[in-house]
């Protein structure tokens, strides 16, 4: 398990061992959608967000 | 602490030590209003219920 | 010394899946391994369940299932029966919350559902309403957690059969009121807030599938109608029955106490004073408790049995944990000690 | 040319009193004279009823009652029977919304209430559920508007008796769900928002007084249980019945249509598609409409009749106006044309 | 002698579409020609809107549009601007409920939306909040009915600008609370009953598009935040403002009365006694009324303006009918006379 | 080895009193001695609080108070200050949930309340919002648990002052939405279900007394408005502020994390995906957690801070237990580990 900083809020984001470049995950703190740019050392960037329908 | 049976539902009702004749308490199981008829040994009877307003 | 078991949840984004995760996270004997989701793999569990934001766990794909001691399946009807062989491979104990392993025979699945694809498992599976099946649970490998409306109805009626107040030939009407979480996380048009708010909607006016479970366990057929009302959690069953012989309140108290006095998760509420005189779903929200009670209507030779549970707990996830506790030989009430809230609105 | 009648409301701060004022204000044939209140005399009507702020009217003391054509009494049970002689003096037509003049005999009041202090009026009073009593209403001087839960239950069951699907010997279970306005404006602890929200509360588990009215009109005794649920307006009755002879859906449609096809305020809703397939109280909120429907449960030889009304309208003020329209020879539907809202939450 | 106009509704299955149908059905000067739906063509209007079961009308496909006097478009943003030429062909007067023709210039659509495909219509379109634009409405061919949250906010603030209590340089915070019908009939996950019930959800924490309309009409920019709360209908705006000069309650009453005393659909509610002392959405449910009021906070040199409307009425369908009444020279209040209900729950 | 303290609750029938009893019953370090009630002495605790039916305890009269380690007073404002000398005699530690000992000086009580009858205690009392006053709590003898709306507001704003994003001169608008349990168990007309359901009621439009506490702790005055909305539990504060200098999301994340990263009962929620993107009261129902978050509105140079708590927990009983845990040197989170529910309706 490695860790990288969330580019949005700065919190540490845990990455599982076989994390792959291009994988999308959300920051557990700020919820931002993050893309894995590099695996070793891990690097994250905010993913281009799909405008989500949010109900009203 | 003594115990007496609830005349309504038969459950045991705990009585505090200085329980007095005439005291009113509710049964913790069935909720019936009970009157203490005798203290030693303790004896209970259902208290004449006040028709309670119950909202609608 | 307390043992620790690993556990995973299939269907972790769902309502009962989320409730299982909450209970497992607070359970002294479990460690969560995985929670699966097809649609939200890699997202944190808090994405779906805001109360679980503190849980350091991401959904994984159901394709990446790892070996665990106990596997909970919280998927729609039909999924587990298709995947039961795979589940069997990765887990020692399987606890299924769907209806897939509740009934005894393939014939029943023909009658009430669309048949069964793995009928060979039906014999070994144990239904998990411990008030009915406590003796069969220890050591069970495949546990079928019961239906929510079946649970509330059965718990209300069971003492009447135990005490021979009902023989089985009488007319029984079960009029059930339920909350919107019974529909699961993927509700459609009818579940939208503007349409679902404030309803008294006969959503299963007749022919609800839980009848099958009730009949299997009580040995009688009954008239079953389910109404959706404006709450999120809760299943409240009002059973109108007509005993052949006159019965007194004292008889009823004896019967109900006899059936339930040693049950950690049944509480009798019948009359008395104050605002809460009969079973009330909101009084048990978040708990694994069933409130059960009754009232007499001598003029009509009728007896009304009431019961109320939280469908997410005693009606599904809580019942499943309760059953699992017994199956594994743990303290029955482990992880299920929340007492509920007062006041609470329409939870 | 349309006639105009003067009308006053006793109990104008109450829930049904407010609804009467709203209806009278919008009625082409009425002019409001007075609305009484003991506690809020001299305050504007809008003080109690925010929807009526435009109404240029202040509450007057019930001691200052003036002569009118029609006097509506919207007071708690027992008040009208005490004051009926005074009412009689000031008004040509009296319309009472309480239970005081609904039953036929003093004996019934002994059995179901605390007796009657003006039994001599019982004979002349006419019950105002027009689907039952339309013929007796024209020219009536004392109109007894029916009970809300009685109305929903009677309307659901009546066609089954009209069409001899039920003979009167069968078991009938009426499981009713109601909103909080049934308790009136002066609710106590049990009616407070934190306690009353989200309940499924068996508030009249057995022995509800409306049984008396239902039995008087349907000629049968029935098992009646009322639950409070989380809505403000609405009375929804689910009647479970067991006809002696098998009956088809076609038979039921015939029966219900036969009974109601000319009724301006009954609408049949039974099955079909979409979100609203059976009677639903929120679909009739604010209207004088009753939705009535049914479903078959052949396996249990059961038939379920559903009906839904707004207790403030078809269950009280609307029914009263409807009956008065007929009594005075006005257009039956005058002042009662509101169609209801969609979507609407928990009204 | 009253004239009758034919009218059709595009988007008849939607929430505002249904409300338009209800209002048109009860309007003395309109006759409904068609209500379109792509998904439910040929089904009865009652399939979608249970309150309109009596209406003898089926949805037709939008492809089969017939000529009418007035065409109401109740479609999602973007639909009308695409089809405006076709609409123009079939109808004399077009009333659009979406945001497509509310703003004055294509630039604004670039800034706040995704641009505009028929900017040539922007100049002729008239915004339909009559309290702002009454003079421009008579004879209008293209009417743009305003946004619901814009309506509540503008109505609360307008008198402060009319009376120069605000100059436009001050900080304005508008904190708005809205019901779930604002999301329309096609809500997603966030609109499901279990998720949407009981929320105080900052659904547009900043940057809500209605800011554009408000700024266009009040000539100021303001800080706008919208919260979803647990009701189906209603938009309630609380505007916190800080006038440069001290202002008294008397000044405020003068200002608000000055702006609204001749307005048939604005009612002032500010203080006083009883339970309803300030504007309350549920007091205007089902009506075209706006309640507007205010309170002073001298310690903080603050003034709070409150306003409450039913988003389905004054915030959309009612406003559209009101504007159309004026455009056609009809009685302004025709078809809009419903007074609202009391008590009413969470409508 | 864990120590056990005896504890009693004055005002045990009330809402916060009941919540205290629930928490104490589940707390590893407390044993309940007495719960007082004047009106329900001798009745079981379950009479008032249905979730506590299992608790084997009866209310005792406040006149029969016995000595305990910790005495919790959950009585209306004014009661504790009158009885503080007696409380002092029977208990080592007093924890008061009312406003009686929250402010520093008698002058403040003159200004905001009706004066103070025991001002000599004001100096020694410690305010119990641990995020503000953790250092002063160990060993405290008189603990003043903070106001619910003060708690939500302070927690939302504090990081902005800690990080000098606000200096104290800026305009601050706090628009708060609260549930009906804030009114306590003895609500009047305005709290009845029919009147209180579905409201957006400006119940403290200006001048709410919690302003005093907020100003005392943040050192600034602010514009405070409280709305009642349709939920039973919850206080949600939306604070609109206008920092002098531009600020980025990154700055905000740093500020909020800095203030709260070691806090066991504060959780940051600001944006992200899914249904729950900002603080939501129902996500923390039954828990002692505060959700805190923010959003930027660069166009208006505005920053919006959101926070949400359960008024019964973080806003009163939970906060009191948290403070007491610290005062006694216990584990801070003891007895406060409930995680909350999902889904949950309007709790």
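Read from first to last, the chains carry the letters A, B, C, D, E and F; within each, the first residue is number 1.
The rule is simple: a contact is a pair of C-beta atoms (placed from the backbone, for glycine too) under 8 Å apart; a residue touches a chain by one contact, two chains touch by 3 or more.
Small disclaimer: the values here were computed from a predicted structure and weren't measured.
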item: Per Cα centroids, the chain farthest from chain C; value: E
item: Homomeric contact chain C-chain F: same or different residue positions, threshold half; value: same
item: Contact-richer chain pair (by C-beta pairs counted) among A-C and B-C; value: B-C
item: Geometric centre distance via CA averages, chain D-chain C, whole Å; value: 38
item: Distance from chain E to chain D - Cα centre to Cα centre, in angstrom; value: 35
item: For chain D paired with chain F, centre-to-centre distance based on mean C-alpha positions, whole Å; value: 45
item: Multi-partner residues of chain B (at least 2 other chains); value: 26, 31, 54-55
item: For chain C, residues that touch 2 or more chains besides their own; value: 15, 43, 47, 53, 179-181, 185, 189, 193-194, 197-198, 231-232, 269, 272-277, 280, 343-347
item: Chain D partner contacts - residues on chain C that touch it in the complex; value: 171, 173, 175, 177, 189-190, 193-195, 197-202, 205-207, 221-223, 225, 227, 229-231, 234, 236, 238, 240, 242, 275-282, 295-297, 299-300, 302, 304, 306, 308, 343-347
item: In the complex, chain A residues that touch chain C; value: 14, 16, 23-26, 28, 31
item: Contacting residues of chain F [partner chain A, same complex]; value: 249-250, 253-254, 257, 268-275, 277
item: In the complex with chain F, residue positions of chain A that touch it; value: 8-11, 26-27, 29-33, 52, 54-55
item: Of all residues in chain F, those that touch chain B in their complex; value: 42-44, 46-47, 53, 56, 58
